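A, B, C, D, E and F label the chains in the order they appear, each numbered from 1.
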Amino acid sequence: MSVATEAAPRQGLIGAESLLKRYPGNPIIPRNALPDSDSILNSAVVRFGDAYRGMFRVDNQNRDMLIHPGRSADGLHWEIDPRPVQWQCRDSELEQIVYAYDPRITPLEGRYYITWCHGYHGPCIAMGVTDDFEKFELLEVVLPPFNRNAVLFPRKINGRYVMLHRPSDNGHTPFGDIFLSQSPDLIHWGSHRFVMGTAGGWQSTKIGAGPVPIETDEGWVMIYHGVLTSCNGFVYSVGCAILDLDQPWKVLHRTRRYILAPTEPYEMVGSVPNVTFPVACIHEEKTDELRVYYGAADTSVCLATTTLRELIDFTKEHDMLKS
Amino acid sequence: MSVATEAAPRQGLIGAESLLKRYPGNPIIPRNALPDSDSILNSAVVRFGDAYRGMFRVDNQNRDMLIHPGRSADGLHWEIDPRPVQWQCRDSELEQIVYAYDPRITPLEGRYYITWCHGYHGPCIAMGVTDDFEKFELLEVVLPPFNRNAVLFPRKINGRYVMLHRPSDNGHTPFGDIFLSQSPDLIHWGSHRFVMGTAGGWQSTKIGAGPVPIETDEGWVMIYHGVLTSCNGFVYSVGCAILDLDQPWKVLHRTRRYILAPTEPYEMVGSVPNVTFPVACIHEEKTDELRVYYGAADTSVCLATTTLRELIDFTKEHDMLKS
Amino acid sequence: MSVATEAAPRQGLIGAESLLKRYPGNPIIPRNALPDSDSILNSAVVRFGDAYRGMFRVDNQNRDMLIHPGRSADGLHWEIDPRPVQWQCRDSELEQIVYAYDPRITPLEGRYYITWCHGYHGPCIAMGVTDDFEKFELLEVVLPPFNRNAVLFPRKINGRYVMLHRPSDNGHTPFGDIFLSQSPDLIHWGSHRFVMGTAGGWQSTKIGAGPVPIETDEGWVMIYHGVLTSCNGFVYSVGCAILDLDQPWKVLHRTRRYILAPTEPYEMVGSVPNVTFPVACIHEEKTDELRVYYGAADTSVCLATTTLRELIDFTKEHDMLKS
Amino acid sequence: MSVATEAAPRQGLIGAESLLKRYPGNPIIPRNALPDSDSILNSAVVRFGDAYRGMFRVDNQNRDMLIHPGRSADGLHWEIDPRPVQWQCRDSELEQIVYAYDPRITPLEGRYYITWCHGYHGPCIAMGVTDDFEKFELLEVVLPPFNRNAVLFPRKINGRYVMLHRPSDNGHTPFGDIFLSQSPDLIHWGSHRFVMGTAGGWQSTKIGAGPVPIETDEGWVMIYHGVLTSCNGFVYSVGCAILDLDQPWKVLHRTRRYILAPTEPYEMVGSVPNVTFPVACIHEEKTDELRVYYGAADTSVCLATTTLRELIDFTKEHDMLKS
Amino acid sequence: MSVATEAAPRQGLIGAESLLKRYPGNPIIPRNALPDSDSILNSAVVRFGDAYRGMFRVDNQNRDMLIHPGRSADGLHWEIDPRPVQWQCRDSELEQIVYAYDPRITPLEGRYYITWCHGYHGPCIAMGVTDDFEKFELLEVVLPPFNRNAVLFPRKINGRYVMLHRPSDNGHTPFGDIFLSQSPDLIHWGSHRFVMGTAGGWQSTKIGAGPVPIETDEGWVMIYHGVLTSCNGFVYSVGCAILDLDQPWKVLHRTRRYILAPTEPYEMVGSVPNVTFPVACIHEEKTDELRVYYGAADTSVCLATTTLRELIDFTKEHDMLKS
Amino acid sequence: MSVATEAAPRQGLIGAESLLKRYPGNPIIPRNALPDSDSILNSAVVRFGDAYRGMFRVDNQNRDMLIHPGRSADGLHWEIDPRPVQWQCRDSELEQIVYAYDPRITPLEGRYYITWCHGYHGPCIAMGVTDDFEKFELLEVVLPPFNRNAVLFPRKINGRYVMLHRPSDNGHTPFGDIFLSQSPDLIHWGSHRFVMGTAGGWQSTKIGAGPVPIETDEGWVMIYHGVLTSCNGFVYSVGCAILDLDQPWKVLHRTRRYILAPTEPYEMVGSVPNVTFPVACIHEEKTDELRVYYGAADTSVCLATTTLRELIDFTKEHDMLKS
């Protein structure tokens, strides 16, 4: 069998179909959604009652990296607070935040825990919590520099809280594996375990966890980003792995094929060309629809969808751990 | 108060409004304005009688970097000489120019002084002069390697000529501060002073002076470029500072927020993605309109406008020197 | 004489006319021509009887770099085999291919020899052969790491086979000259000779041979790529040289001006921005038309044309070897 | 007043007197103290009853980095076990040690806790414990990659255990500040705090904690190493700081002058030239003598002495935090 | 069992005993053996009738790297020709030698073949031949850039000549594996095979073949160098491997432990600190004595000995290929 | 003719004879000549009446780089002021000296002008003057960053003062050529000219002027340093050039062979291994003796001698400008 190219789109930059299907209204949040935003990107959203709440990475026209709360009735149309989140902070030492970016939100035991990359003498992991997305409490620096891309699991495992993260260096790190840490109290973390490292192709330079892992019968579904280094820079794509339910540092399946990669103009052009960076997902249990929110070109927030079933099947079908 | 994203432009790459407003006819000089040009960029213009003259950086299809004279009746429509400037040169040693780029023109004591980055055993600063944009005299190498982005003040200060410049290295320098030098005769320069260095955000990697400083009651208005290093390269934005009238190495105000940044397709895509590089401005005293000419994506010449009053007010309002 | 800019295209990114004229239907093979392709690029084609055959570099959605056979009746519309080429291999050691990219096809003594960059403990040069584009035999690793961009001459010279290639390093090599090697049997190569190195402008970082050299009365016409390093990465353009018929390591003429450079959206945006990479050409003897197939932005396959006569004349007119 | 050079040592490489006085029998442990050692360096010692025990970094002739136990009656003459320490390990995941180096020993609540840099998918901090230096239990990976130079305080502070450490990258890190972490149980660590960063001169590239901090009325006395980057590599010197007793992330005093630097042949020549690296100290309360054990040139173990009183006075006299 | 350090040498820099025993008269050729030599290092020697001949790398006081012939009656006392070797060369292209270093000499079919690193538009492998060490013929560039450390086997294997070599880059290459190539005629080389790559410890950065492999019943004995990167530069040690007699790209045994490493002052101090670089060996069949000639600190030529039997036994005992 | 090695020094590290002969009492100033000096190196001396004065680079035990005055009756035995030079400074801006190193002293029109590398927002060139070595006036920053190794000619040439210097970058610069600048008043400098660049061997990485040029009938004799990059760092050697008397940017002769290189223990071992760095010379007209003062291993001050006649003859004999 062969494929005739004749019917292919003329423009030539449109990518082949990937597992994740882009929302036609992309980007759902453009770079100029706030009057002084340079870009709005890599942001977390979560279901909140009948509606949605989010924590948005806003790079303003100082190119400060800040996190702003936001709200939505449908997960598609968002109001973003023009003021950055105001953390309540018990320890003045913790107020020395130079920057804050790439938040994740994990619903856990009835509260909403937020983890993000925090500039405290280097990029490290901070954690905060909110009950209502009105008041926000800054808990602690939970991992020392240099670290990024931390996200909590949505329940305790073996009696301890568990967090994925990516040790890094102090710049545009050219390496990076996914690790996991465990905690009795969400403040102190230890028993650090290696989860998975780089692999070939689109995930050959570094990888990092994205949305909150989703618990399924087959294991924890972890969507993650992978980076390839071309001769003109990093290319960020999206993949999926399934982790053991009880020993989540054990990888059961992992996609050799990406599930999304930058092929649309709004993903290939912008503040950082060639980026699709998954940060959050919302699973609609009735329909099994899985919405994946991702940053495009470090410039805007976009949406792509699949079903959880399709995602699991794809991950197992394209499993790089199969001999 | 919150901002609904619904009305935002679909394409998502359009930036929020910045202080400088782009001319709708951008780029005013496209890359192919000469039959053998690869790109026409980072160019200087000046009022000349009732009309305008300019010195244009033309990268030809050898990718030689050259400077061509040009003329215009309105500052918008330009004729560029297809032949590079022919320097009259007293010293044959000075004819060893490997390349010439990023010119500035300063009207000074009735003549037009041109400064540019000159390839003489490394990038250094050369100076030339013309009275009529017909004959051009090469004066001297006025600063040794490695240096770029030199521009003269339009009058003597404290009895000496003054020039801004940016010491650099011999490549795509990843650092750079603005310095100032002083001269009795425009040939010999000394009493070098530090003016200002990098700061956060869009100006965190390097900065360099742009157009000829504009004298106002509040000080010298200096538009400059600042560079941020993303994981996929440099991003060039535009800012403004106000320098002390008598001690121009003293910075009175400096924008923490950029006044222009690459968000249009012709700024984000081209020979060097994500560049807005200001080189010249023309102030219309009657209307107070300030036209800023800038290179876009190292590919074409563009125009953006504001008023001098608005620029000063903005610089003071967004002053990073305020506590 | 001067050139008015008014009539120039508004968008400003369109380049000035170059010697090679782009096919209006570009890209002729879009990135999504196969269901699981990420991109299809840098590919070789050859006349085969009344039709055409090709070897296509396909980067799939694993971002594996693979070579797929393809066929076409007219050289414009192509069917690409969805399965990578299956090499018949006498030596199991040779089956350790990690990747394969940027093939060239040389018709030689009635067979079709394929050379490409092969991942065998580093990028090196492998050679294979086919008679029918149905069965493919892997001959040998003909040059050890680190090497790329090898292409055979279409006949013996002075009793030996001759191959152009580019020694490199194990990454995105920031240097590279064209060398030539000689062989009695296509397997063993020696008498390695330097052909030409980098020069100014668009060919200042590295250069590498492209299509099979074309024999003419004036010498071997060698189209090649040249790379310039901007502050935001490599820019790949296309040039031409003419080599001595009997001593092909002697360069008779070489273009100082490029004959194609990335100025179209599909060349400036994609997996690797700003790439035009020539790999194959087909010369129509009757019309003298020369079709040059090139990879655009490491994303798609494109076509540009001239005549061989015009190419030779241009190379001699813009000869950088003239005083 | 002036200094005549005539009487100065002829050889010219002998350094001026520093606060720490070298033991005349240096190195106390030569590189060949074990039959298959390449070097014995950066090692920890501790008083154990009437005698001494130590954990020695031995690089064997494979150039594996290993830790061996050792014992001594006087702290000067040592027997080193020819077999590396055998860790008892509850979790087989933790047996994946690629290397182990630069141990510290902290007596704490009657047991001996050992911290060291552990190769587990990158350099990270592991902790173990012994009661008798016969049986050794591996507790956990207490800090994830990339980290080095961790040492525990000898008692709880504010109800939590406290550890100093130095976040790093995955190579010969060219940066590094001292941080502090806190723990309820020695396994889980959080509330990470910045203690101090690099400064000028000998401590301009990176710094890291050395021996167990010594509690005094004036605060915790912390001896540390600092690194300067010369054009021919790193130079490791020794300094001292005094930390607040209750808030040990607050630095009260810090030496601007080093207290030891590589000026002896055995410090300037060896596996890594120009290294003095302090790891342990023993304070003799009666005499106030303070013995500092340090690695020399990454090759041998040496000793230098002062009194605690002199060290504190020197630190306050040469305090870089004064005015 | 434990080892008391008391009896160990005071100076502390003397290394533990290694398999190779240094000749007490080291260095046998000091850096100043010629009136204008800066250093004499990495040199090849061979038995020649009842005497010895050698090819010596001499870096003169221009710091040109040259090869000089030399002779000796006993292999210990050498006369080095003050004039570099004069190559007879059929092809004037080959006279463009920029430098020549690190020669090996292989007796083969009654002649003496010399291979070395040759500066011809990059470091590559040249080959020459002599019958009498009076007249020397330059044969060809046998491997293109970038390559170093090539040495021929002393007989054909499976009907082809065989050569070990190490692909590299154009600088102080931070990587390097040993490859093997095959030739029908000593000029043309192909069927390139990977032999072995870097491993842990002293051989973790790069490795390269040293003396001519020695044929034994157990396989080809290949002495090689391995490099470790400390924070202050490369450290060159010596190891051994045994290759399959018929398929010499198959490694049967390989030392995990070095057999010599820089621990003497003349190895740790000099033009390049911390280098022991084996280049030649002479096996005395009657006594089984094996003399290994090595460069020390890129400054002088030294000698160390063992027996071939001990070397083979050691290599098998410390075999890193044993599980 | 051949050279027997037997009589050569056993230790093997002693270099062959070079043109400059070391003073047997080297180092004449050891690193510990002041109570708090870490090293004393790269220093300038000058005849002062019947005695000598000098400006000494002292790196103290903070590793601050400072300049101290000193005096001597014979040029061999020196008293160094334990206090750094106190500059009288008209402009408080100039007091922002971060460091000061590598001074030169030029007697000029009856005064003593001092030039050195000055840390003012980067390494740049400052100039001061003294009449008596008691009071010192800081004149100005005479060249902006980044620059090092500046030295004045001892008289005006063509009516202007002339200064040699070496543009650099902001770190351990891996490149560097010698330039020359001209001034009417010693404060303002222009008409910058390239003098000479790197060449092969010992001067392949960078070069810089050393002592004050000596006027002779044959031209200005300029002793300079050259740097080679080995795989373990920079090696600093010494060479000589002769410049045209009237157009001192024209090089008449230049040594291809070094006149001194690091081969003594005090040159190969120390703060920076393998450095001989010439800074000053004193010519005894009666005897024609030329004393060259140089820094050894960035650790001490040493002396080597020749005659001016021999130096000129050697420079012409080993002239790399001869075809």
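To be clear about the criterion, a residue touches a chain if its C-beta (ideal position, glycine included) is under 8 Å from a C-beta of that chain, and two chains touch if they have at least 3 such contacts.
In this text, all values refer to a predicted model and were calculated from it rather than measured experimentally.
Any chain bridging chain D and chain F, meaning touching each of them, is among E; the list is complete. Think of each touching pair as a link: the shortest run of links from chain B to chain F has 1 of them. Summarising the inter-chain layout, the chain whose CA centre lies farthest from the centre of chain F is A.
Of all residue numbers used where chain C meets chain E, over half belong to both copies. The two sides are thus made of the same residues. Averaging Cα coordinates per chain places chain A and chain E 52 Å apart. Once the centre of each chain is set as its mean CA position, chain A and chain C turn out to be 39 Å apart.
Taking each chain's centre as the mean of its C-alpha atoms, chain A lies 57 Å from chain F.
Among the residues of chain E, those touching two or more other chains are numbered 232-233, 265, 269, 273-274.
In terms of which chains touch, the assembly is arranged in some other way, matching none of the line, ring, star or all-to-all patterns.
If you check each pair of chains against the touch rule, the ones that pass are A-B, A-C, A-D, B-C, B-F, C-E, D-E, D-F, E-F.
For chain D in complex with chain A, the touching residues are 93, 120-122, 124, 140-147, 165, 167, 169-170, 175, 177, 179, 181-185, 187-194, 197, 249.
The touching residues of chain B, when paired with chain C in their complex, are 25-38, 60-64, 70-71, 77-82, 172, 232-234, 265-266, 269-274, 296-300, 302. Residues 1-6, 8-18, 200-202, 204, 228-233, 235, 237, 256-258, 261, 263, 265, 268-269, 273-274 of chain D are the ones touching chain F in the complex.
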